[in-house]
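The chains carry the letters A, B and C, assigned in the order they are written, with residues numbered from 1 in each.
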Amino acid sequence: MTKKHRENLPISPDDFMHEFMRFKRGSVTRRHFLGVTGLGLATAVMARSPGAFSTAAYAAEDLGTKMSIATWPNYHDPATFENFKAATGVAVEVNVFGSNEEMLAKLQAGATGWSLFVPTNYTISTYHKLGLIDELDLSKLTNFSAATENPRFTKEGQIDGKTYAVPKNWGTTGFAVNTSKLKTPMKTWKDFFEVAQTEADHRAMVHDYQLTTIGSALVALGYGFNSIKPDELAKAEELLIKVKPHLFAINSDYQPGMRATDAWMTMCWTNDGAQLNRDIPAIAYVLGTDGGEIWTDYYAIPKDAPNKAAGYALLNYLMDPQNAVKEHIANGAPTTDSRVISLLPKEIVSNKIVYPDEAALTPLEFGAAVTLTDPGRAELMARFKSA
Amino acid sequence: MHNDIEFRSVTKNYGAVTAVSDVDLQVPKGAFLALLGPSGCGKTTCLRMIGGFEQPTSGTVLISGREMNGIAPYRRPVNMVFQHYALFPHLNVEQNVGYGLKQMRPRIEASEIARKVALALEMVRLGGFAQRRVHELSGGQQQRVALARAIVNKPAVLLLDEPLAALDRKLRTAMQIELQTLQRELGITFVLVTHDQEEALSMADLVCVMNTGSIRQLGTPQEVYDHPTDLFVADFVGKTNRVTATLETDGRTLRLADGSALNVGERRGMTAGDAILAIRPEAIRVDRHAKPGATGFQGTVTNRIFLGSTAEYSVAVPGLGDFLITSDRRNLHESELVEPGQTVFLGFDPTTAHLFPVSSSA
Amino acid sequence: MAVSAENKRRLVTAALVGPAAVWLFTFLVLPFTAVVIFAFGERAPEGGYQPAFTLAQFANLGARSAAFANTLTLAPIGALACLLIAYPVAYYLAIKADQKYRMLLISLIVIPFWTSMLVRTYAWMYLLGARGIPHLFELAGIDDVRLLNTPGAVLLGIVYGYLPLMILPIYVSLEKLDRRLLDASADLGASPVSTFFGVTLPLSLPGVMTGVALVTILLLGEYLIPQLLGGGKVFFIGNALVDLFLQSRNWPFGSAIAVTLVVVVVAVLLVAMRIAWRVSGSRQVDLI
């Protein structure tokens, strides 16, 4: 009752600022618009004290004093970079992105200044093909343990037997539902698109991201998540355009909308699902029984990285299970390394949003490289958004 | 015959400042009145109260016998020629002149408007200029457009606010004549505001001299010039040589600063005491030698300005100061011109010179 | 060494114009030339640009016709909405407001612009969102009021964001307006309403056209407001460009759209200047 009463209060300035900061954290980091406004370049230089504690391991090579990493929003424990700076004297500048397409666009344009970045599984072959990434020198990654990595999540980092990327963590793409608002039980993407046009009219969100939005529509129609067949894409387009007038938004920045209850349902990634559910238990995370996406984010080093030594040092630092477990606890995405699992608190390992049953994962597909560069899917997305 | 304009105890205050103070004024129909005075004397405020741009704080303004208090400018039967003309820059000459006609209700037909506009332009000799843009015209032409724009509406009264101030001297003289002619042709009342006494005297048939918000004298140009009612009017309307003096108790003997005495004749209304003798520059005759029995002062010419038909002299008179004399060349009886440095006699008729109490100059 | 007057004058000219010229050449002419070259190229298989000479990108402009149509309708509507609200405000400020308070009132209009547009737009997201104004309606018993992510919200954001850009030029032209012209109009028998339409409005048109051109041009490239207040469902050319460069990496097509947009903007500007000249009867039109 008390809580209900509080919810009915008009907006207080405190609430506003709180919400705004939340928006800002989520969104400044999210999706492409920030890149355009300039705020996307908002970077956090994680540095407080000069690195007085250079260890012997790092002292062998000159690491310089700064490097920059391209990654995803809310994806790291800020303490990680502070500790890294304390250990090596290298300050880390963090650039956050909203889509793999955007990362690729920046690397293609050149002169990014990144010494480390976090591409998703299906993009690595393209980076390799375009000669944008280096083969990793595993001798510099003493903390990486191929033996304890789940091969399901490492294979796309290897091309022709050479390692170009090592996994950071994996995850799924499902949908989040506010069960206090929507009563229809939902299990599939078919359900998602039907409820979006009925009970959740003007309350559902889809990603501003061709891979998941088109992929989910394809799955709802019984096709493959990665299809590029023109007839199947045409059907998916038909469905998306039919749904569009009923949508609340086309935006990958869905946490603010869900938290404000503007949106009651959204396409959602594991880590956001876990965070939403932790703060608002009524928000459930559903994996489509008819399909959907499973993914792995990797670490890779750009060919034109200005400070490769520091890039390797940071990557090696992140591969240390003691550091990786802190990252896991901070961002909520499941790990690929069994050494890390053994260090995790029990409530995280038993969280079915983070570590679903194997049966729930079976229908899911990894994104396919071809979707990244297929002009048909890009054009479909543009038609959907401008319809 | 009724008056076209009448002020009844009109006062206008702006906050604590009184711009016009208890003015009574009657302007007969068909008159050409000039409101003359220095800046800040209240003449423009009076004009704007006739136009309706200002409302009197107290008192009443009447136009053609109708009380005008509270009536907006666009409902008054008057038109104004504004200082700097205030022509509409986005309209051409024809549209400017036709502007007032287009506002009339019931509506006037376009062809009728065109005819009247053409006639008005003809009247101000701008026949071929109908399609011109305003900024393509010279100052004098703009002045005429402003005139045409006002008179085309056949107002009962035409108000002119310093209409010639922006023109050069030659053009101004020409326009003075044109305005007079126009006023005679139209037969409507003109009210002209000016600070230029020459302009007021040459054009108007009634001059109203104002200072500090009140009327100092209302009369024909000749009355105002020849018989100023006080020292201010004498000073403002034409040039004046002032001589400070004391009027003795006999009422006719004036004791000057240098100790000499003048018989100024019987002066009604003047009481004995400090007074100022005001002599017009042209009322003084310059002679090389004093005529027997003549009244005047001996002095030395310090400067001479030759003006063709006339000449202006500055003459220093010991004990009395400098005198300005305008001399018609025919008055120079003895030879043509007097040279600076020469001693001359300034002769005048003390009985016709103006005598004012000291306090009347305010 | 003696420097001739002629050379000296040239040096002064170069010193005055030089920096701007270098700046414009480096950051406008060169990039725009690149964009024009790209527009005649092809998309590489993995995205980006691959040299070619083809008109295919321009032939394909129709694929973004919806974005063009959205922009070319919402931009003028937004500019018009701005105008309808801005004009009375500017009129009040320039003609009616007490001189004493004028600067204060103008500051009140400008001060919000010291805050980032993004922050202010987020504030609107909150106000229009479920916990903002719709919640107040809910308290009053009116349920399910939806404001955020509607075309109305986008229009509101546009008007809010661009209002000062409309108010200021109109204010300037009204402030310059010779008050005697208003007296003259009244003197010639025009009622206040006739005076407004016959004198005030036409003479403030340069300011109006400046404001309309400014707001329309900026709206033609608008990206943020439709994205944030339209929920990504309202798709402007700006959004299309961002997607083409940052998502599908079709640089040649993006370049072709950018070039087309520049042509449209120049056309809008020329038309605006032409109208302002014709109506105000002067060539002194200050666009911006």
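Everything below uses one rule, namely that a contact is a pair of C-beta atoms (placed from the backbone, for glycine too) under 8 Å apart; a residue touches a chain by one contact, two chains touch by 3 or more.
If you're wondering where the values come from, they're calculated on a predicted model, not measured in any experiment.
K.L.:
In the touch network of chains, how many steps separate subunit A from subunit B on the shortest route?
P.N.:
2
K.L.:
Would you say B-C or A-C is joined by more C-beta pairs in contact?
P.N.:
A-C
K.L.:
Let me spell it out: compute each chain's centre from its C-alpha atoms, then which one is farthest from subunit C's centre?
P.N.:
B
K.L.:
Which chain is in the middle, if each chain's centre is the mean of its C-alpha atoms?
P.N.:
Located nearest the centre of all protein C-alpha atoms is chain C.
K.L.:
With chain centres defined as C-alpha means, what is the inter-centre distance between subunit A and subunit B in Å?
P.N.:
89
K.L.:
If you average the CA atoms of subunit A and of subunit C, how many Å lie between those two points?
P.N.:
So the centroids are 35 Å from each other.
K.L.:
Between subunit B and subunit C, tell me the centre distance in angstrom, where each centre is the average of that chain's C-alpha atoms.
P.N.:
Spacing between the chain centres: roughly 55 Å.
K.L.:
Do you know which subunit C residues sit against two or more other chains?
P.N.:
In subunit C, no residue touches two or more other chains.
K.L.:
Specify, in ascending order, the residues of subunit A that touch 2 or more different other chains.
P.N.:
In subunit A, nothing touches at least two other chains.
K.L.:
Which subunit B residues reach two or more other chains?
P.N.:
None at all.
K.L.:
Could you pull out which subunit C residues touch subunit A in their complex?
P.N.:
43, 45-48, 63-64, 66-67, 70, 116-119, 122-123, 125-127, 129-132, 135-136, 139, 146, 148-149, 223-224, 227-228, 231-233, 235, 239-240, 242-250
K.L.:
Spell out the part of subunit C that touches subunit B in their complex, as residue ranges.
P.N.:
Checking each residue of subunit C against subunit B gives 178, 180-181, 183-191, 194-195, 198-199, 202-203, 279-282.
K.L.:
How about subunit B: which of its residues touch subunit C in the complex?
P.N.:
Subunit B reaches subunit C through residues 51-53, 72-75, 78-80, 82-84, 86-92, 99-100, 103-104, 133-135, 149-150, 153.
K.L.:
Going by the contact rule at the top, pick out the subunit A residues touching subunit C in the complex.
P.N.:
By the definition above, subunit A touches subunit C via 8, 10-11, 15-16, 19-20, 23-24, 27, 32-33, 35-37, 39, 99, 101-102, 104-105, 108-109, 126, 129-130, 202, 205, 208, 210, 244, 247-251, 256-257, 260-262, 372-373, 375, 378-379, 381-383, 385-387.
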